[in-house]
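Below is one structure. I have some questions about it.
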Amino acid sequence: APTATPTAESVAVPTQAPPTKAPKLAFTNTEIQQPQEMILATTSSTQDSGLLDYLLPDFDKEFNIKTKVIAVGSGQALQMGKDGDADVLLIHSPAAEKEFMDAGDGVRREDVMYNDFVIVGPAEDPAKITGLKTSVDAFKAIAESESKFVSRGDDSGTHVKEKNIWKKAELEPVGDWYVSAGQNMGAVLTMADELQGYTLSDRATYLAFLQQGLSLKIMVEGDSSLLNPYGVIAVNPAKSPKIRNDLANQFIDWIISIPVQEKIQVFKKEELGQSLFYPSSKLWQEAK
Amino acid sequence: MQQLLDGILEGLRLLFTGDAVLWEIIYLSGRISGIALVISAVLGIPFGAFLGLARFRGRRLVQAIVYTGMGLPPVVVGLAVYLLLSRSGILGHLNWSWIPQLFTVPAMIVAQVIIATPLVVGYTMAAVSEVNPDLRIQVRSLGATPLQITLAVLCEARLGIIVALVGGLGSIISEVGAVMMVGGNIEGSTRVLTTAIMLETRRGNLDLAIGLGMVLLLLAFLINFGVTQLQGKGN
Amino acid sequence: MAKIYDLQNVKRVYESRTVVDIDTLEIEDGEILAIVGPSGAGKSTLLRLLNFLEYADSGLIRYKGQEVNAQLPLDFRRQVTTVFQRPALLQGSVEENVVYGLRLRGKKNGKGEVLEVITRMGLEKLRRARARTLSGGEAQRVALARAVVVRPAVLLLDEPTANLDPYNISLIEEVVREINRVQKTTIVLVTHNVFQAKRMAHRIALMLSGKIVELSRTQDFFDHPRDPRTRAFANGEMIY
Amino acid sequence: MQQLLDGILEGLRLLFTGDAVLWEIIYLSGRISGIALVISAVLGIPFGAFLGLARFRGRRLVQAIVYTGMGLPPVVVGLAVYLLLSRSGILGHLNWSWIPQLFTVPAMIVAQVIIATPLVVGYTMAAVSEVNPDLRIQVRSLGATPLQITLAVLCEARLGIIVALVGGLGSIISEVGAVMMVGGNIEGSTRVLTTAIMLETRRGNLDLAIGLGMVLLLLAFLINFGVTQLQGKGN
Amino acid sequence: MAKIYDLQNVKRVYESRTVVDIDTLEIEDGEILAIVGPSGAGKSTLLRLLNFLEYADSGLIRYKGQEVNAQLPLDFRRQVTTVFQRPALLQGSVEENVVYGLRLRGKKNGKGEVLEVITRMGLEKLRRARARTLSGGEAQRVALARAVVVRPAVLLLDEPTANLDPYNISLIEEVVREINRVQKTTIVLVTHNVFQAKRMAHRIALMLSGKIVELSRTQDFFDHPRDPRTRAFANGEMIY
């Protein structure tokens, strides 16, 4: 678990629209109706970790909504928002999210939660990074020893984070040791395991694969620059008449509400001995 | 490796203890690919028969296009259908009620039809053009209309047509790129066997993924064993 | 007798070779016309033209006064059928083959007729045999049965007894003669066997290199040939 | 939608201004699938011809297996090859030098061979069994050895075999699941056109993805147009 | 003369029907043996047995003293070839078809011989024609040329002139006789034409329902038939 209790360094500013304290029903007449459908585009990590399977049934039941989850890359999720093919986005790519909001593609953004990245590597640790305090130092050591490093290479939130670290380390990773895989997190983890290399992973996916027999170990963690904040965005309803902005707001209000935030905190905590995601909505922070 | 064996066992376990969710996914896979295959057959067999029997200028060009279609990358098909049906896409934009929406079963069927049809056309063409040309003339002389001639030839080329359909079905029931993109792999509504396999792989549940793969293969085998029994004596 | 076919200046060209080149040919309704001639003379090609399976490259063919072209209506087409030199049988049983022409015409109740024709051709034991396993002569008889059963107005026979033994030859000849007599079917019989032509035909035409060099009543064909090549052909002496 | 057009323009731009990276990817796609196809043809055509010509007990069972193989889901193939070649896998474990390593071109070829071979077998079988059986006997009577008989039949069924190969090539050059898993989509070493398309899609660069798809299709079309010219008169 | 074939109690059964059922048959090296008999008698099936294309279900066939079975060595197999009743030609030109048997044997320099045989059969103008477009009689002659060019020790002919006119029949008969005389080729000629058998054969066998009911020198076959069915067959009167 992260050592310090970090505060999310959210690049994208939450929008002005104040979240309502208690979500209200999307429709008032409570007779049984066909559930209304809403499309949530998200990065694969939220689906692959099982978080959405854990949270969404409550939401769907409470509001008689059917949330359709489309798990894709962050870039594609944002593109879906731009094209009006999704009603609400749940992603972790702060800079791109800001751009999205600035372009007027989204109408409301809220912090939801964060988890953190860890630098993992083979037990032999050829670059000797175990115990290093910062990600920048670790990356420097890896580059210097030219140990294998597998990169997502797909402009995902994780990849963006990785590139930021290289930038901070003032390094240009090129060479045989640097493998740009262009794949999802799980594939990159197994690849790194296979090649006995290092990689940067979000904790949730790492833990999931650890249970499947991954041999990589966490080498560096807890650095505040390794935080991974997730935001939720309601897509601008001007994009398409089919966009359900009402449901999107409903969802945002719900996911940032205290009870749901608490639920996020305890997700898989018992099983893994640590939280996978840490709540960070404004309401939650104010309440603390 | 243990994992492969585990996967196979998992597959058997899934099939026999099979929970409702799994059966729903199986049913959906079958339904989508089945409907898509029927549509592809209806479009592809007549066109393939025509290409195999008729001689006209530009036939080679059409053949080359069909051959190319036989190698349409599912991801590209998925992408193109996605862009067309997207709410800001050419078709999605029109907002006509009969145009399927993204992330729905009809959209997936559209993508699969686009993938399977060229295969059915190509293989039907090959099968049909190998039928003894004397037979066509003979049947015509007996008073067959062009349609009846085509039917007679298709009937003679039965094995080839069956294999064309088997190949078409195989290509779409095992396809993941297009259904993932167009269907979105939504639990309980557009999740099929292949996208479920993909998801479980991403989640690191390799044995579950292999297990689902086994289920898929086993179903395919059962269907195909049925097909070989239907295919008639001597073939 | 009325003309059923009328050919004028008909040419058929394959890859720049003129295979059929007929100035004029009239076939009378109800007659048996034999066409004899050496291998490659264009006899089978002429039958394909008469069965509307190919069209003349120039000239005019009329069938019952109608110009023959791709627009010929289906019920005209269905009046004419051919027993080909190389019989092409369909997969399936003998019976399925024989019934096929009736099925094409949507006739459901031809069962009795089919059985009768099969028996007539001496094929009753082979009714359920797979057609593709038949012997040469059996296949030829199945092809004939299949053509006869649809009761065509014109029956074109391309060497129908080429693979048959003397007994079966007389059997088939008898069947054909009877059809001609009873059903008034016009018959065009292509044969290399001048004796068969003599036994069967009302008139005989000799075809050489696509041209009809002699066409006369059977008696005259043998007794008073107008063309010297006719006699030579009949005696197997002809050199071309 | 604009994006589809943009994509098509992007495709043309890529082809004509084509940078070295793109050409390398194209070359790699062609090389991997080309080699895999040759191997599949060498394995599949003889076996397909055998299945089409011979009559033996259990033939239907073998056919059903082949048909099932024609629908092998590429992801499952990828997964299985992955698990076999993985460091802790049965084969990878052995550490023999001729066993391909994961995330290398040979591993990708292995996966593609597994995908394409059943297709080549199935379609070859269909094509061959439609050749007039009289011809086999005739050729045998002329003194052909079993091998020569098979060659004669294959030659008669030429169009069918060509279509079988076209279909096999189409299935692997457009396939993404297996090459992604086994090859790892490593930039500059195992990235092929389809995995690049997938990557650009995930990145949200849909026009670039469509553009790459266009490049793939254009190349496939050129190859296939060549094939139709080769396929001989009358077909 | 030595025996080239020796058949003892040979039976061939298709779907529980015994199609060939021969107690004993010896074929002499260098003779022309004609086999006549009605359609479906089993003549073609017998030829397939003699060409090692099928094997007897019971009994024994010896070729040059060797037992015929699937293990027969290739050079024995290559001594025998058949001209089938329905000639199956390969795609490609007439010339390619004729040269095929030589190509199979890896002979490169048969070009002159091929041309000679093609000319002999009156096919020189069709050398480059696509084999699949030939007329019935042309195809039959190509098939014969293709068989003759490999100079087999045994030539099996299944109705080789069924589709030919009188001139071509005498031409082919002459060719066959010459091959027999000059190359000492053993010839088994299946024909439904008893006159052809008379013209060509040293000995004639009558086959009925799979059995050989009479086998004698040609002269005796016609003049002193031992079996009453023989005469009936020759006259086309036989009823079976």
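List of remarks:
Chains: A, B, C, D and E, in written order; residue numbering restarts at 1 for each.
Everything that follows uses one rule, which is that a residue touches a chain if its C-beta (ideal position, glycine included) is under 8 Å from a C-beta of that chain, and two chains touch if they have at least 3 such contacts.
Worth saying up front: this structure is predicted, and the values here are computed from it rather than measured.
Least step count on the touch graph, subunit B to subunit C: 1. Inter-chain contacts peak for the pair B-D, counting C-beta pairs in contact.
Comparing mean CA positions across the assembly, the chain most remote from subunit C is A.
Centre-to-centre spacing of subunit A and subunit B amounts to 36 Å, using the average Cα coordinate of each chain.
Separating the centre of subunit C from that of subunit E, both taken as means of CA atoms, is a distance of 28 Å.
Rounded to a whole number, the gap between the C-alpha centres of subunit A and subunit E is 83 angstrom.
Counting only residues that touch two or more partner chains, subunit B has 3, 86, 88-89, 132, 201, 206. Along subunit A, residues 187 each make contact with two or more other chains.
Across the assembly, subunit E contributes residues 86 that each touch 2 or more other chains.
Annotation, chain-chain contacts: A-B, A-D, B-C, B-D, C-E, D-E (touch as defined at the top).
Those residues of subunit A whose C-beta lies close enough to touch subunit D in the complex are 72-79, 153-156, 179-183, 187, 191, 194-195. Of all residues in subunit C, only 48, 51, 53, 74, 77-78, 80-82, 84, 86-88, 90-91, 100-101, 104-105, 146-147, 150 touch subunit B in the complex they form.
Subunit D contributes residues 1, 3-4, 7, 60-61, 63-65, 67-68, 70-76, 79-80, 83-84, 86, 88-90, 93, 119, 122-123, 125-127, 129-132, 157, 159-160, 162-164, 166-167, 169-171, 173-177, 181, 193-194, 197-198, 201, 206, 209-210, 213, 216-217, 220-221, 224-225, 227-229, 231, 235 to its touches with subunit B in the complex.
Contact residues on subunit D toward subunit A in their complex (touch as defined above): 86-87, 102-103, 180-181, 184-188, 191, 195-196, 198-199, 201-206. For subunit D in complex with subunit E, the residues that touch the partner chain are 132, 134-135, 137-145, 148, 152, 155-156, 158.
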